[in-house]
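Chain nomenclature is as follows: A, B, C and D, assigned in order of appearance, with residue numbering initiated at 1 for each chain independently.
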Amino acid sequence: MNKKRLAAVLRPLAPLVALALLVIVMSVMNSEFATVNNSMNILRQTAVNGFLAAGMLLTLITAGIDLSVGTNAILSAAAMAYIMITFDVTNPIVLLTMALLAGTTVGLVNGLLLTKLKLPHPFVSTLGMKYVLAGLALFLLATRTVGGFPEGVMFLGSADLAKGSGFNGFPVSFIAMLILFVAVHLLLNRTSLGRSIYAVGGNPEATRLSGINTDRVLIFVYAAAGFCAAIAGIIIVGRSGVANPSAGMSGNYETDAIAACIIGGASFTGGKGNIWGTLIGALMISVIRNGLTLMNAQSDVQFMVIGAVIIIAVAIDVRRNASEEKRRRLAAV
Amino acid sequence: MNKKRLAAVLRPLAPLVALALLVIVMSVMNSEFATVNNSMNILRQTAVNGFLAAGMLLTLITAGIDLSVGTNAILSAAAMAYIMITFDVTNPIVLLTMALLAGTTVGLVNGLLLTKLKLPHPFVSTLGMKYVLAGLALFLLATRTVGGFPEGVMFLGSADLAKGSGFNGFPVSFIAMLILFVAVHLLLNRTSLGRSIYAVGGNPEATRLSGINTDRVLIFVYAAAGFCAAIAGIIIVGRSGVANPSAGMSGNYETDAIAACIIGGASFTGGKGNIWGTLIGALMISVIRNGLTLMNAQSDVQFMVIGAVIIIAVAIDVRRNASEEKRRRLAAV
Amino acid sequence: GTGTSETESDGSGNSGGDETIKVGVVLKTLSSEYWSYVGAGVEAAAEDLGVEVQLLGPASETAYDEQNNMLETMLADDAMDAIVIAPLQPDSVVSVLGGTEKPILFVDTDAPFENKVSYIGTGNEEAARTGGEAAAEIAGEGAEAAWIGGVQGNTTSDQREAGFIAGLEAGGVTVVAKQYAEGLADKAASTMENILTSNPNLTVVVTNNDEMAAGAARAADAAGRELVIFGFDGIQAGVQNVIDGTVTGTVAQDPYGMGYKSVEAAVAAIKGETVEEFIDTGSKIITSENAEDYLATLREQLGE
Amino acid sequence: MTSVVELKHVTKKFPGVVALRDMGIEIKPGEVHGLIGENGAGKSSLIKVLTGVYKPEEGEIFVDGEKQHLTSAQDAQNAGIACVYQELNIIRQVSLTDNIFLRHPIKNKFGLLDYATMNAQATKTLADMGITADVTKPAALFGMGVLQMVEIARALLRDAKLIIMDEPTSSLGETEVKQLMRVVRELRDRGVAILFVSHKLEELFELCDRVTVMRDGEHILTEPMSEMTNDKLIRAMVGRSVENQFPDHEAVPGEVAIKFDGVTSVGTLKNVSFEARYGEILGFAGLVGAGRTETMRAIFGDLPIDSGEVFLNGKAVKIKSPQAAVRRGIALVTEDRKGQGLVLNQSVADNLILSSFGKVSSKGWLPPARVTAVAEKYISQLRIKTPDAKNQVGKLSGGNQQKVVIGKWMNSDSDIFLFDEPTRGIDVGAKVEVYNIMNALVSQGKCVIMVSSELPEVLGMSDRVIVMRGGEVMASMNRGDDDFNEDDIMKAAWGQKKEEVL
């Protein structure tokens, strides 16, 4: 019984093993990799994708998708920059609120479009939204890149804890991300809203006929994805010091976020996925990028390795599930 | 009865009406729009997306997706450029064969990954493939952009029929696309393989239990998508005169192709979609892009309009389906 | 196209219809600050000269097909008297131009088009080389440098890479790392963090644009490393960073002047006047010494 | 005479369950062989081993006396085995013709599909079974009855030597069952062997030559049907005898819970009026497509009402959504458990609490212990056969899935229960449990409305019966009245309108 318990606890950690393997490979290939400061860098580099992926995960669980999270992050940053330069607002609270408001509103609109227009799938509407937001960000800032944000705004993306004596510090952005992840975990597993999110993804019709307002669940999910995107936008500003309105269309923010979720066990068909898998997925992507940069790999190698890892990660996951099934099957008496 | 018949014939033409409306709006807003030469331009600009969308449509009908079609087109072009510069091959037949082979092989691999690894959905595997191909293209050409292709290779993408006396000619690429579309139409509606494609998308389990080798159907579909991508790559080379290995990651090829299919009535849940709807979807996208260019719209406006049109197109489609349902309900009395 | 027509329009209206000179301008994109300066120059020239311009640019600097489509659309427009292009992909643009009889001018980036009227600009490579030299001079011989590019394989990024590296090496600086960050500031910050980890002796970083320079600067600052950082483009935020001292310098190519002069040259060509085959708009290294002045000029040009 | 198909010593395991244990069965040419067993006994699994879908861990399959390895559905079809599966294998997006001819299409001389011929054949085959349908329309537009026949037509057109039917009658009405039986007999007379799974004993007695009973994945007996009795069969199946098929309840009709007054929904319901009271079971009878399900949906706020009035507890109400209905204490056990009843890829526990978040959660928080407690309560109360509460519902046998749907609503504390075909696919023993549940609800003073296509069930359980046809109420009968019998109900269902109907 105890042995079984242990196995049950360890099983969901399997992706962690894949991550650990990747870390070991990278450490062997590069001596700089396994240093404390580099580990902190990896965490630092995970935060933006982590926030975007958290929102994306919620939409994926409902069998949806949000292709506008990346441009939404950029728009939120642009909205903050806009009121800063137009109205000379320097109060960080006001600026941050503006960003969160912009991102969440966009998410809300995504949710309303999906539910009120009764769209079959949010792929196209959020793709359309991606374009609209890219245009809006350019319009707001008249294509200008804006810098000079107050410290309070930059804090989340740039501050480090316990910095000093050779230690570069523990990134606040990663801690913020972890807090969000715990919140998402609790939401998904310990609340009725969370269980409704899974149910909507598994069978929206049955969920609706069980007396659950599926529209409200979906609207919440997209608004939450927008909220997460806004925080990602704030971190982008903190990390880079500027709000660049043209970044939305040129970045691959969405694909990275989706990859993190799917590597972590979410599925396009909905009803599946959890936030810790997503964490591992996001870390895996950062580890690969970081390790390859340390090795000074060129774009071609980087692309190929990232692609291969994505494919292998999913293949491993499928294998693992299959062998798990088999184990349980043979154990049946 | 006759009236009903007429209605039944006309109903699928509804997206055509939307396209016609769009064309009328554009013509009124800009006098240059409705010229013969500009119409030829629109057709010319539709060909690449049309080929990619045809392949994408097949995968969407099976409830799948191929996120690698764009980079596959670029890779096919790069493969052709590679053997040209490395082995001094100038025979167009050899070069074209190389491109088709490369693209189809990639598609085949996509299909094999999906079926042999028993992946739940091709989203991630083709996403991974997108990265791998982007890397491969850069690797093959050492990041260099290659020009100087022989006429025979350029023909498909650059030749025009009946050119002269002020008429810019009818683009061969569009004719080729139409021929492919007719072939796809016949495949989907008049062959048992085609019906199996719909069946797999509608209910893979039931299709398998009906004794159909669903794996083989899927492998065919992805190989076909790869084949179409290779032709798109050949047309890109013909149109631009060069094979640019870095174009894969930065283009929006996949999203445009998906948008064309979905505007044309395909669905992520599979079992739906037809090639003529896809044609209209692809034309709509070209018309918008072309019209906005003629109107001298700025990037921000362009983005916003394209986004809005994408959203509106889907919304209209949903409305149309809903009102059709209602009509049916009322007619049932 | 109608070659030369004597038109005097007051610029307030294009009511002149067919008689108004119409110049088409296709830039690399309109969705970035640098190109909005070029655009501002184009529009100022149009106003001053009383001609009509159609100013276009694709969604991003990697939207190659889109630029070709725009060009094609413009070539088909009979009312267009001349076309100014900033080619994303020179060879490709040449093949789209084919045998057109309209006067064609290139701005910012040259292309091997046989019948071109003029090229207005400073080569990206050339400008970047001066930037590399300046950075090498500040860092001193024997220093180690890194390059953070946009998209590898993209013509502009590749040209700037070649120029920067040539300049650095001429100054005795070795380039130990080459990485690419999609032109995005936050990705450049990540890339910088990683480059710093694997290159403890690194003292110089040159980037493909000012946004990435800003991101790299923040990463270096957070890691407590003093670096010589050079950006490219000379956009306001970039120049401001130079003034603030977070970034060492940036390479400015006088984008406004490019835009203005290209329209000037196009109009001259339409009127049948002789136009120089190469109009050098020069480039400027912006450092703390001249940054304030440059920012003031920029603002003036933009009418702020 | 060699058997068409013989299975020997087959063992098939699933995670946490042994579905088949040293199981054997032998089917002879030209016989109708009944297969019966409780929910989860392993009937469907046995069939899927026969059709090459499941690969058993142990055992052998003989076709025409020769040992065969069936590794895919294709293999089985090539061996002449066709199957109508329990969970319909209809592709809803394509036409009936496509569904029928998917695997063996008819082609013209160019190798292209010959739809003219296929449509004609499909129409004719369906017509032979008493179904008139436009075969070019997508399957999604047809009700379960038609689709069931389409599945059978598909098997018929294939010239199989063994046709397996896994609960083919569970979605059929009385008349269609008769038609199906006729078809089965014709097939038998042509020498085709039939393996027929059903939970309805009368059908088995009427149709089968021999019967095999299985329990817990094991073979219990195979006997000629003529030597069996109802009681013997049930005892073999459940290991005990079931005393009363339709347990009684004390009807104490109370206030009117639901009242429909001339409700019309264009295209489906025409001027429907009826009353349902607390403390009684109101049955709805009718043929397939009579509009009973639509009536339930109208009560549940899931069908637009164009005219007429609905009264709830005496007050006129407009229930706009299922959510509003649930809030007002109405529960609907849907007839289509896969499409509308269950979230198949979620756990048994998650499905069981889906309609009662308000009760299980406190301020939106769901304590895991409370969830488990609720789940375990219903798993034991309804005897749901599952390894544990975390098992995916999709992995349960059909009947056990149905129990989860019922359990979901049991936990919701509703006052009005709408049961649409509640015993579809449920075994004899479990049926009685469901009836007991209904009786318990009624004795607690709740209002129960039951839609059923099984007349004995309607007569056995209802205090009053409403008969519908074509979206209209044809008759209303009270228990104890003269016309409370099969004949009169059937007459009404076929279109004889009773005069005193409101």
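In the analysis below, a residue touches a chain if its C-beta (ideal position, glycine included) is under 8 Å from a C-beta of that chain, and two chains touch if they have at least 3 such contacts.
From a predicted model like this one, the values you see are computed outputs, not experimental measurements.
Asks: Name the chain pair with more contacting C-beta pairs, choosing from B-C and B-D.
Replies: Answer by contact count: B-C.
Asks: If you average the CA atoms of subunit A and of subunit C, how many Å lie between those two points?
Replies: Chain centres of subunit A and subunit C, defined by C-alpha means, are spaced 34 Å apart.
Asks: Where the CA atoms of subunit B average out and where those of subunit D average out, how many Å apart are those spots?
Replies: It comes to 43 Å between the two C-alpha centres.
Asks: Using mean C-alpha positions as chain centres, tell me how far subunit A is from subunit B in Å, no decimals.
Replies: Here subunit A and subunit B have centroids separated by 30 Å.
Asks: Going by the contact rule already set, what residues in subunit B reach two or more other chains?
Replies: Within subunit B, residues 138, 143, 246, 249-250, 299-300, 302-303 contact more than one other chain.
Asks: Would you pick out the residues of subunit C that each touch at least 2 other chains?
Replies: 29-31, 59-60, 62, 151-153
Asks: For each chain, which other chains does it touch, given as pairs?
Replies: Chains touch in the following pairs: A-B, A-C, A-D, B-C, B-D.
Asks: So in the complex, the part of subunit B that touches subunit C is made up of which residues?
Replies: Residues 32, 35, 37-38, 40-41, 44-45, 48, 138, 141, 143-145, 147, 154, 158, 168, 236, 239-242, 244-247, 249-252, 289-290, 293-294, 296, 298-300, 302-303.
Asks: Using the touch rule from the top, collect the residues of subunit C that touch subunit B in their complex.
Replies: Residue positions touching the partner: 29-31, 54-57, 59-60, 62-66, 68-70, 72-74, 76-77, 79, 89, 91-92, 94-96, 151-155, 158.
Asks: What does subunit A use to touch subunit D in their complex?
Replies: Listed in rising order, the residues are 190-196, 198-199, 202-203, 205-213, 271-272, 325, 328-333.
Asks: Enumerate the contact residues on subunit A facing subunit B in the complex.
Replies: 67, 113, 117-121, 123-125, 127-136, 138-139, 143, 249-250, 252, 255, 258-259, 262-263, 267-269, 298-311, 314-315, 318, 322
Asks: In the complex of these two chains, what residues of subunit D are touching subunit B?
Replies: That would be residues 51, 53, 72-74, 76-77, 83, 85, 88-94, 98, 102-103, 105, 107, 111-113, 154, 266-268 of subunit D.
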